[in-house]
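Naming follows writing order (A, B, C and D), and every chain is counted from residue 1.
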Amino acid sequence: MVTLTGAEIAKHNTKESCWVIVHGKAYDVTEFLPEHPGGQKIILKYAGKDATKEFDPIHPSDTLDKYLPASKHLGPVDMASVESAPQDEEVMDDLELARIERVKRMPPVSQCYNLLDFEDIARQTMKKTAWAYYSSGADDEITMRENHAAFHRVWFRPKVLVDVSKIDLSTTMLGCPSSVPFYITATALGKLGNPEGEVVLTRAGYRENVIQMIPTLASCSFDEIVNARQGDQIQWLQLYVNKDREITRKIVQHAEKRGCRALWITVDAPQLGRREKDMRSKYDEQAANVQDDEAAVDRSQGAARAISSFIDPALSWKDIPWFQSITKMPIVLKGVQRAEDAIKAVEYGVDAILLSNHGGRQLDFARPAIEVLVEVMTALREHGYDDKIEVYVDGGVRRGTDILKAICLGAKGVGIGRPFLYAMSTYGEPGVVRAIQLLKDELEMNMRLIGATKVSDLDQSFVEASSIASHTYVPRDHLSSQVYDRLVTPPFVKSKL
Amino acid sequence: MVTLTGAEIAKHNTKESCWVIVHGKAYDVTEFLPEHPGGQKIILKYAGKDATKEFDPIHPSDTLDKYLPASKHLGPVDMASVESAPQDEEVMDDLELARIERVKRMPPVSQCYNLLDFEDIARQTMKKTAWAYYSSGADDEITMRENHAAFHRVWFRPKVLVDVSKIDLSTTMLGCPSSVPFYITATALGKLGNPEGEVVLTRAGYRENVIQMIPTLASCSFDEIVNARQGDQIQWLQLYVNKDREITRKIVQHAEKRGCRALWITVDAPQLGRREKDMRSKYDEQAANVQDDEAAVDRSQGAARAISSFIDPALSWKDIPWFQSITKMPIVLKGVQRAEDAIKAVEYGVDAILLSNHGGRQLDFARPAIEVLVEVMTALREHGYDDKIEVYVDGGVRRGTDILKAICLGAKGVGIGRPFLYAMSTYGEPGVVRAIQLLKDELEMNMRLIGATKVSDLDQSFVEASSIASHTYVPRDHLSSQVYDRLVTPPFVKSKL
Amino acid sequence: MVTLTGAEIAKHNTKESCWVIVHGKAYDVTEFLPEHPGGQKIILKYAGKDATKEFDPIHPSDTLDKYLPASKHLGPVDMASVESAPQDEEVMDDLELARIERVKRMPPVSQCYNLLDFEDIARQTMKKTAWAYYSSGADDEITMRENHAAFHRVWFRPKVLVDVSKIDLSTTMLGCPSSVPFYITATALGKLGNPEGEVVLTRAGYRENVIQMIPTLASCSFDEIVNARQGDQIQWLQLYVNKDREITRKIVQHAEKRGCRALWITVDAPQLGRREKDMRSKYDEQAANVQDDEAAVDRSQGAARAISSFIDPALSWKDIPWFQSITKMPIVLKGVQRAEDAIKAVEYGVDAILLSNHGGRQLDFARPAIEVLVEVMTALREHGYDDKIEVYVDGGVRRGTDILKAICLGAKGVGIGRPFLYAMSTYGEPGVVRAIQLLKDELEMNMRLIGATKVSDLDQSFVEASSIASHTYVPRDHLSSQVYDRLVTPPFVKSKL
Amino acid sequence: MVTLTGAEIAKHNTKESCWVIVHGKAYDVTEFLPEHPGGQKIILKYAGKDATKEFDPIHPSDTLDKYLPASKHLGPVDMASVESAPQDEEVMDDLELARIERVKRMPPVSQCYNLLDFEDIARQTMKKTAWAYYSSGADDEITMRENHAAFHRVWFRPKVLVDVSKIDLSTTMLGCPSSVPFYITATALGKLGNPEGEVVLTRAGYRENVIQMIPTLASCSFDEIVNARQGDQIQWLQLYVNKDREITRKIVQHAEKRGCRALWITVDAPQLGRREKDMRSKYDEQAANVQDDEAAVDRSQGAARAISSFIDPALSWKDIPWFQSITKMPIVLKGVQRAEDAIKAVEYGVDAILLSNHGGRQLDFARPAIEVLVEVMTALREHGYDDKIEVYVDGGVRRGTDILKAICLGAKGVGIGRPFLYAMSTYGEPGVVRAIQLLKDELEMNMRLIGATKVSDLDQSFVEASSIASHTYVPRDHLSSQVYDRLVTPPFVKSKL
């Protein structure tokens, strides 16, 4: 295979013939353009050029091998002959300069005392698009915020005078031992936040003995993440089901062979959620070449179409037996949201369900998992099914108390996603380790304070959750509040006015 | 008919003899002055002058022909001889200059990702009086805001593992097919926001196959709006009932003849609502000649009196059979607000009811339609009437989820008003088209996410609405909140203080 | 009686011998000092000087005649010989200058569109101490604000298709005809807000046919207020019961003789409420001579003691028959706050009760009257007593809708206090007239909009009040809200950042 | 014993040999380093130096005698030979200068009209670390704020026409007479706020006849606090139970011998709470020498370990009989939080329980005591146990009304902590006296206003607490609130824009 020059490649810079360079090799992506999940516009921006920098954070390294036929691999490029990328995208605006300044002044990781600290630092130091992708939710982000807020409707009923000299946080989830009743859940595009991607989570999970769920849409390839596994570390697989079941079968069986211990099938995302913060963020970045409104409309529709060529919106209950036939891994339905479906899951012989609304990223006004949990556990108990299935929850977990509340209400374990992404994006592996340690510290102390010594002690009697389904809204009375003359404290305060 | 000169007309500039020029023709409006719904003051401001610019946005083009006897039509004017309008009203203040600057910097319509975006842009770019007229509500605007906020008390219970590869949003309302379960409802004075007026909505409705309800108080004439209809597009008529039933009969029968497919009789507006934001806005504009307080008081009372000479406050249930006798169009009562009246409507043989509080513009503390809907459907079911009448709702709808919630709770369709006005006022027809498309996108995705493939799938099991009638209020504890020292995140934030 | 000179009076400027000048006459108040309800400190400030300016706003003109024995009336003063008051108190600070500037720029009364407008203008234009006295409430002012806010928990259930061409707001309260179901309630110290005092309210009440309740603690004397009565205008008497029942008997019988038509006995104020805003305001004003902390403590205790020498804290149910024996006026208990006391009132043969917490000025966390009303009417109905007694409410009424809600829930009438004080303090009689007219406008329109034509039509079916006793509190989650990145609308907004 | 020189001591400035000077004497603390509850880092900062200034506020004066063997007492130091402390820590930043300026402008104590006033002044004038230690709570401080806020869910039902000329606030708690139904509760480290420490509270308690609970973690020694007792003043003992029961026995029996009248055993703090505000505050102060992250992590873990070497996490119900065997003082369990434990306490023969969450400093989302009180009293009544045990509450009490609500709901007395610390930290003894007097004033007035003359009159009928367990949360709708155009009052306000 001959070595290509930048000049040759530069000629293929149109829709009709589109070549790009990635990691020093050239590829002909012309035919792939309409199938690109992110739309063809973004590829065309790099037509005839080196796209490595843009490509890396959002594609596993084996993407081109997997999805592009060998015939389209054009071979090595003489990179010295490639014109360096235009500097204009390097011109930084004031906001970006301020961000870089904040990165320099980041506090040491030891000054993070809780998971929200990582989030705040991430908000101030992450690249705008990365922050937008991680932090955004569906529509008005009501569900996204409600996920955390709903924990505020559950309060503790601690027991006193219990011998709590020894606290044991360990538990078993899906037959797998864990040092804690929470796990690192699957989240997409880890390289947006950290150039190493999801393997950072793998290594931190090993250090703290926390199970990791490997995402289908990871930036690292599946094998890279499995290869990063150490010792008897446990990993699970999260799966978006492909329309082509053969591809799905291969993924599942490959994962089982590589030692994955459970299969989490995502059932709450037949279509990619609209996240407006994310959309605005992308728009801004590409503002230069989006003068035509029609094109913009197309782009949005294209993304929706693209995703449906990958995730199967036709996935249904009747597919469950097939999954049970192709793997021995325990099967978990990820994204159950009503009691009726929990009952059905038991009847279909599913091993576990995850109550989740996908971090508030899919359907706004989906109920928070902690609220659904109460409904589901009540229904399971009424059917005598409560020991026939394991129930997990995720969404909005930021505190040890959040985890305890979920366990008390019947959850077997709790998934945590964004907080570890933020920890990874700001401080890398030490950040994730610190985040896990903080949760362990909180859990140990809170177990002690509610009077429970081990996970199996936790039951409903420890919580008061009668307001869990209370959803109210308080209208503002603007004229009255404007007219009201607020009370103030003594005069030396007033003299400042 | 001779051509008149500006000088001749300028002589008739008093209450005793008041001539005005509109579109190059002169009219003697002296006798009409006391009957003018907007008060005579505003006409007298243009006595002896060209009133075209002020006249246009708020009057259908056939107004003068319809309401002013031919004898008062004085004929063409030599416009060259008319002194141009005084420039003083052209002097713009800083606020107006800033507004114009914002108009220039409006983002492309493709950057509007939801209906609130149009509203925000409208707030910043519309003329102050137009914005005030569209955006204002009754009293403290509690009901106006509650209309949208009440949707926050309804949450979803999605089904998973349903084959949602095909989503069908189409439905039938009052026997009319529609691509979606919402329609463009009747709103007054379209030309305040867009010089073309309501026909913009007609054209957008055609493009997206959405039904339009034609308002009595449109800026365009009824026939202009009907003439803008294309293909098999569907239009309905909204009716304010005139004291003179003969006029009402003519309007109804003319509409039926011109192809309107349903008659929506407004029953929640026996008197025009007081909207203080609107009143203040008008007051400011005319500040120059309102030095006398008494006159101002009169003006307000005059407006109330004027409106009662047009809309009939005596309209009652016993008028219903008469309406049924003069038209074959299905009849809808627009503005029902309690279960008892819904039952009555069935018993009177009415075809449908619209639960509505007139966009929060009439009675403050009228309940939101989504709350009334729960009460009404419960009562209809108890009477076995739920399939005897169609139920519609409007008010506060901004999201696809809002529409789905209403349909799940029993509504046949949902009316949307202000959002389309804002879209029309900012981006014209492409704005309205975009707004409809955004709703369709949201609806399609949300249907998929809750596990429903067609409108008839939607039922109560998809929603949790037990808090719908919960109205609370949280007093502020000012001293405590002043004293409390808020938590902050790590030090590099604090160093900014 | 010889004419005294300023020099002679100036010698009596101590606690041991304290003379003051009021309206050109000298008085020896030495013995009265310990009994002064406002404390002796404030009198001593004017010892030997002219106190007219300070005296006027807070004392009826007959105070000195009534409370100071003739022997202490020292006779006329040669005012030319009196040194004019020191100018230092005339030195105005910036805040006061800004206030005067605002007074000059006050909008015409016709620009007030609701009662809150008067309140806002009063806040900005009234003298600080006057505003503090009128606007303050007990402790944290939770009840004061809750009084208005509680109306937000009551919503309407309007009837449609009712003939509302004629609306009649008139009613009868305690056998007295009134143009409206509200009255001007008793409030203290009217001259703080308007130099003419309570007679302004009398005249406005006459113009609009609204009943006035005359306060015991008026700035005008009782007879001045009665003398201001015109035609068949109706006045009631509000009574603080004196420890010396003979004084009380005289007041009551004098009022009856002068034509008062009802006796409202205040039962919720055995001790003067502490209003911290008011206390701070006074403190500031007198800051110069309050260096000694002990004195300040004394002053506070002194005020409490002083008031108990006037209002009788021993007043109890067993006094009721005595009141019934000394007057034929209907008797109303002003300040009832629980159902048990309402029942008792019926059994004691009392004619009416006023559910009130004294405008939130006495006990913080007293419940709002509209909430107590629901409890009381339920109890009265259970006892079959609901037509044995009239029930009134006051507190927080600012809107026509507030009044309608109270009437629907069973009140016979509604008292309004502060709003009329604010109207009087800003625009005098025209202000009060305007305020009453605005309420009438709102009432008429709102009656029409809920489908009621006369006061007796109003019943419980028009309101939804199931949340009336719901008192919740929402803790703020500071770290989460700090971390959350708010949604914003399109880019041309963001570019302003 | 020879007198040591500064130079000799300065040599022992390492972990291997660590000497410090306190009050002119030298001590060898090398072996004590790992046991120091505050971690060894802070001691090492003063190795070889004079630590008096740092030592004093947080250690009772007998600490070194008690906890350091005599052999480690090295004898007197020639202080003239000791180098004065480095000035660098004296360099004040702008924030500190501003604080000192505020201290100078503090208003006289008489201008504090309620307990929140002291808190606000404390916030502005206390040293940052002291404020952080006193004011901080667990995690997000939700429980800490909820403690006060929960009182907002309880409202009064006052009786009228009760003879309230005489009000008696006195009561008996644990058999001890008190002028009021509240007491000064135990709080740690009094010298942080006032150099004299807890004896200030003792003296103020004497002046106002209020019982004081002596804390285990006081800055003054136990005997100093007892020695400050005057007349028949009453003191109780708060106890953290030591792992070494012999030490505990000595403390208890010594307290009984010294006249303490009750034993309050803390049962809600088996581990020290994490208070992030406090942690951040400390971190800042020591920022200079904390460059190494690992050390910081250790420090945090060390603190947890250290505390467990002192407070016994194994304390359990089976220890109760032992306490009953070693003392005749009534025994109170401090920190009960659920009805089941209240019942158990009765069955164990305990004399009283304190419903408390430790001022919100231990477990976030522990319920407020006033809420637990309702649950506990209901359970006690159901078991017929309500007169078998006394029930106390603390947490969030700031107003006389708060105290009354607790007593009405069944509490025998109410503990108050932080408010007295703030009063002490700002105005010393006169501040605490003033704070107590303000509460008495409020209580007396509020008793009068609800119609109760003595503490035993107070019962459930005086309160409406049906919302006490209502915990809700209101999500913000950011886009809508951003889009909404707020109502404003008349134009002279708008012209300011």
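Note that contacts are C-beta pairs under 8 Å (C-beta built on N, C-alpha and C of every residue); 3 or more make two chains touch, one makes a residue touch a chain.
All values reported here derive from a predicted model rather than from experimental measurement.
**Student:** Same or different for chain A and chain B, where same means more than half of the interface numbers show up on both copies?
**Tutor:** Different-residue interface.
**Student:** Which chain has its C-alpha centroid at the greatest distance from the C-alpha centroid of chain C?
**Tutor:** When every chain centre is compared against chain C, the largest gap points to A.
**Student:** Once you find the CA centre of chain B and the CA centre of chain D, what distance in Å lies between them?
**Tutor:** 59
**Student:** Any idea how many Å lie between the Cα centroids of chain A and chain D?
**Tutor:** 42
**Student:** Counting only residues that touch at least two other chains, what does the list for chain B look like?
**Tutor:** 111, 114, 116, 120, 140-142, 145, 149, 152, 276, 280, 283, 470, 472-480, 482-483, 487-491
**Student:** Using the touch rule from the top, collect the residues of chain B that touch chain D in their complex.
**Tutor:** 114, 116, 119-120, 123, 131, 135, 140-141, 145, 148-149, 152, 276-277, 280, 283-284, 398, 472, 474-475, 477, 479-480, 482-485, 487-488, 490-491, 497
**Student:** Taking the touch rule as given, give the residues of chain A at its contact with chain B in the complex, in rising order.
**Tutor:** Chain A reaches chain B through residues 102, 105-107, 111-112, 116-117, 120-121, 124, 139-140, 142, 267-268, 270-271, 273-274, 276, 279-280, 283, 290-291, 293, 296-297, 300, 304, 308, 312-317, 319-320, 333, 335-338, 340-341, 362-367, 469-481, 486-489.
**Student:** Quick check on the complex: what are the chain D residues that touch chain C?
**Tutor:** 108-111, 113-114, 140-142, 145-146, 149-165, 399, 401, 405, 430, 434, 437, 441-442, 445-446, 448-450, 461, 464, 466-467, 470-474, 476, 478-479, 482-483, 489-493, 495
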